[in-house]
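After the structure tokens below, expect a handful of questions from me.
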Amino acid sequence: MIVASVIGATGYTGAVLTDILAMHPEVQLGFLTSASFAGKSVAEVFPHLRVDREYVGYSLEALSDSDVAFVCYPHAQAHVAVAELVDSGCRVVDLSADFRLKDPAAYPAWYGFDHPRPDLVEEAVFGLPEHYRSSISQARLVANPGCFPTGMLLGTLPVAERIDDRGVIVDSKSGVSGAGREPTPKTHFCAVFDNFKSYSEVGHRHTPEMVQEMTLAAGTTLPVSFTPHLLPVDRGILSSIYFWPEGGVGTQDEWLSLYAERYRGEPFVEVVETVPSLQDVQGTNYCRVSIRVDPAAGVVKVFTAIDNLVKGASGQAVQNMNIMFGLDEQAGLGRKV
Amino acid sequence: MIVASVIGATGYTGAVLTDILAMHPEVQLGFLTSASFAGKSVAEVFPHLRVDREYVGYSLEALSDSDVAFVCYPHAQAHVAVAELVDSGCRVVDLSADFRLKDPAAYPAWYGFDHPRPDLVEEAVFGLPEHYRSSISQARLVANPGCFPTGMLLGTLPVAERIDDRGVIVDSKSGVSGAGREPTPKTHFCAVFDNFKSYSEVGHRHTPEMVQEMTLAAGTTLPVSFTPHLLPVDRGILSSIYFWPEGGVGTQDEWLSLYAERYRGEPFVEVVETVPSLQDVQGTNYCRVSIRVDPAAGVVKVFTAIDNLVKGASGQAVQNMNIMFGLDEQAGLGRKV
Amino acid sequence: MIVASVIGATGYTGAVLTDILAMHPEVQLGFLTSASFAGKSVAEVFPHLRVDREYVGYSLEALSDSDVAFVCYPHAQAHVAVAELVDSGCRVVDLSADFRLKDPAAYPAWYGFDHPRPDLVEEAVFGLPEHYRSSISQARLVANPGCFPTGMLLGTLPVAERIDDRGVIVDSKSGVSGAGREPTPKTHFCAVFDNFKSYSEVGHRHTPEMVQEMTLAAGTTLPVSFTPHLLPVDRGILSSIYFWPEGGVGTQDEWLSLYAERYRGEPFVEVVETVPSLQDVQGTNYCRVSIRVDPAAGVVKVFTAIDNLVKGASGQAVQNMNIMFGLDEQAGLGRKV
Amino acid sequence: MIVASVIGATGYTGAVLTDILAMHPEVQLGFLTSASFAGKSVAEVFPHLRVDREYVGYSLEALSDSDVAFVCYPHAQAHVAVAELVDSGCRVVDLSADFRLKDPAAYPAWYGFDHPRPDLVEEAVFGLPEHYRSSISQARLVANPGCFPTGMLLGTLPVAERIDDRGVIVDSKSGVSGAGREPTPKTHFCAVFDNFKSYSEVGHRHTPEMVQEMTLAAGTTLPVSFTPHLLPVDRGILSSIYFWPEGGVGTQDEWLSLYAERYRGEPFVEVVETVPSLQDVQGTNYCRVSIRVDPAAGVVKVFTAIDNLVKGASGQAVQNMNIMFGLDEQAGLGRKV
């Protein structure tokens, strides 16, 4: 049994991690830390969870028995805890963005802080199992990808070399849980319900992750024009991805075969003919992908759907843990959460 | 033209008042005051409103040209401004609860403050036009009823004398805008969406308004057991009201006739055979009422629907203003808001 | 391993049954029958289900290897298949209403048909495990309770003898899946979304189930005035139940203790202090119950929440199967569906 | 006063037309025809409408007193009635697609029928007032644009000559009312709620309208790759439009100025800095437009929002009528519907 703790466990990703880990057949739940809710029970904070535990304050010493820690702090606030945990010998899956970008210069530009640990930035593995499985298995530190990059990259990495130099248009629509549990005017029910709009139309912080991985895969810089939108639903991201392929638009079957081939044997990627919907993946760790070809415009359209809190965050984090510790990659991930 | 100002104009009721008053044919919009948004335009705060105005800070002096002021402050915070406005000669419609209860002793019990102006408490008229029209026409100060009492009382006052001493069960379901614009964990989209629950199951602050008016109408104390619930919609209240009538349960037609008779000529109460739904009244100042009879259980069921921000607040406030100033009672209230 | 088939498997209850049974550790999935979708795969009809099966037409012969059949036909259409299956030696859980009412005369009155099998009506066990567990364990035919009666009865049976002769007011709010998968004007998205209303305000067909069981429990006829409402959500029923207790209203703690005592050891009933919400139970087989006391009105308020498709239908059906076959009562019911 | 009738008045567009025309200061409501609901009152079919009228069967003779008829029949079924009405001397606004495409050969290809009246196809004016106002004022027959083309074209026509030969990517998200009032599995509440997906990803029937108008404006064939998605809301379309401009990406201010200049004086197009949301335009005849520039990818992003039933259908139809009859273009369009 692996002892797993969750650091900053009272956000939405923490809640889903708590749910998964509490029922994981190979995991013993370590500590659930929370600054604001220490001393409260899980049931008080999340009445829908049936996990008999209390939150505690963070303490490096208390965590010394944990084999792995999931860090769910906000961006720019996670790296301190991540670093001290890794230094202390605990393996870490960091759900923040603090170790996702390989270029240390990207942190001041995109996240407003100088990264104090370029060594760990270099060491960290980008936790997209479908592309970095073998590095993940050896990693001390996994940087769990952002929710938007997860859905986008699973839809585009297989064809990175086929995309022409215009790059890709990524039009993503996300449920509100992606904005976090903190009440704000933007997440007030009346602001979202019966509404729809874009946000962060240029320069959303998930863009550099997408560019970094697409450029690595294509061997050349590929522009990504990314636009998120806020859906009046709780959970799920649907991304509609548009690109002009080099060498002709081909047929839907050709593209479906290419994707099916690429993802053969992948436990959590489903290449399907019917376009995916949020309901197909909500509560699960699946990413569902389909493709359409628009010959009149010369455009290929890729549609991917994930649950932003599962494959887009906590489920993928557990998938990474399973790989890190040599467990069945699907262990604990067969239930809806 | 009447000069009308809104005090505390950047909550939901303030927004609806701004919308109604800006298009009201007999009104010249005075000031829209806001502590937090002074200096900002209406469009910045409410992009859906097309009213070319800026919010200003509150100042009694500036309001001296207003014929009427609508006070939209929270409970227990409104009475100071209300009192100084009335004292200064401005007629006031107070949308808070600060002058609704006739018994001064009720304020410490239900709202946690000793009322400094029992004289105005006595003078204030409870602003339910269907029952106090003539007093409203003379009033310096109208206490606009709460949203739940409005829907409940329009459904029960006509039969107050027929209800047996068990009183009434009032099961109300409200949209989220009733909870106000302040972001809180309870109004976070993810807490309300795809959810439903009761709240303040005993002792909700709107209960004493209901009891006060029912007791006045019945001539004897009538218990009211009121339970609000939170609907995953923006606007609207549907109340399901249950009582055992004295002298037999009668027929649906008898009750419908009784209500139709009572509300004949009322511009904003619709007695209908089909049970009302929120969609029937959203955006309007109508209260729609229907009745069902359950002979097996001996119970009469009354269903009423209102828009909590219109007939339940700002629309009724303008209806009161129209009556106070001798205008057409429907003026400005023919549009959806 | 028990071989379990689903008859009429392409409605919402059939989909949930398929999901539960496919992962049930003690079950081998027999046949999924469907008149309209025979020859199609589960994935074609329900893309969110990951069960590799095809629907087949109904045939008694093919079902001869099934130990148990779940019949998901509409009311008044199920009894023929139920009867022939039982006669053939297959144990049956009937999700329709065709065997729930003990009085054969009730069928023409409430469901419009003369029941051809009064012998089976008498034999059938009302499948509410918390009250009929031992009879269920021996039953050839279990009449799975209606969704509304399940939530209502779990909230009132423990106190049936304490309710005064006025009986109970039951104000229930249900998600749309309760209306079935057939598209109708009433279930069109635009008719339900951002809306709320009552329906079948008098004489809803679930009423006689409630009266039957309450009267059995109380030892005297107890009126039930039941009013369902349609919530703009997919799944879940919240019932707000009001009654005047004999012998005084008591305290919340007394009532909570009484319920907790009654349900001690029950795997799927949770008596809690915080009032339940739909989110607490969606996807699960739990019924969550809480109580409030309104001393001013002398009323006791009971709130219960269930998922109408799980504890209100398919989950309870599997719970009944587990009891019938001597399995762990919770087997297969630990996952969200 | 103009006498205006609605042919096929019991769909969603018919309901909105009924609402607008009943309150239009220059209109006398003629007939509301309906095959299915003849003899029923408006209130029976649409309880939220307060228009005291009955539906009647269609009869050319009865319509001889109408100055204008709005035809709300489905595609491929409207042209017969449209033609006989125009031939009889009644001016017509056709809300179907039957006269939108200028190339008669397009009808068999896109709508499956040979057009019997190429003369009227040639004569009909495409009813986008912002681009064809003067032709509309003289027209006997106006082909009211599709909902998606309206939002898309208002966002792209001003820059048609600046778009490079890749053309435009149009990612549109529509409320469910766009699918019509007929209940289908796709519009069942449970299929749409808490869900999101694309549909008709290639070859949606609104595409040729977009290509036709863009090509006319650009003077060269411009590809349009259009992808609609279904939002879990009732009303509204938000379109996110992407293109690579010739001659460099420019700045947001330059583009905003260009659009503001182009739409100066337009009563129903609002060029704004803040990106539009559905709530900004629901119930209104406004199209709200904003622009963002993504210099890293070289992409210009245009966002437009309309209410699909108002500016996308019935409101624009009345705007066209106002122009046809020399009325104030805004008459009757100042209320939310």
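In this document, chain identifiers A, B, C and D correspond to the written order of the chains, with residue numbering beginning at 1 in each.
Rule of thumb we're sticking to: a residue touches a chain if its C-beta (ideal position, glycine included) is under 8 Å from a C-beta of that chain, and two chains touch if they have at least 3 such contacts.
Fair warning: this is a prediction, and the values are worked out from it, not measured in the lab.
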Seminar exercise, completed: Per mean C-alpha coordinates, the chain lying farthest from chain C is D
Seminar exercise, completed: More contacting C-beta pairs: B-D or B-C? The answer is B-C
Problem set entry | chain B-chain C separation of Cα centroids, rounded to whole Å | 39
Exercise. What is the distance, in whole Å, between the centres of chain A and chain B, each centre taken as the mean of its C-alpha atoms?
Worked result: 46
Seminar exercise, completed: Distance between the CA centroids of chain B and chain D (whole Å) is 38
Problem set entry | Shared interface positions of chain A, touching two or more other chains | 193-194, 232-234, 277, 279, 282
Problem set entry | chain D residues touching chain A - in the complex, by the definition given at the top | 166-167, 169, 171, 173, 194-199, 201-202, 207, 223-225, 227, 229, 231-234, 236, 238, 240, 242, 244, 275-279, 282, 292-294, 296-299, 301, 303, 305
Problem set entry | In the complex with chain C, residue positions of chain D that touch it | 12, 176-177, 181, 183-185, 187-194, 232-234
Seminar exercise, completed: The chain C residues in contact with chain A across the complex are 23, 47-48, 193-194, 272, 274, 277, 279-283, 334-337
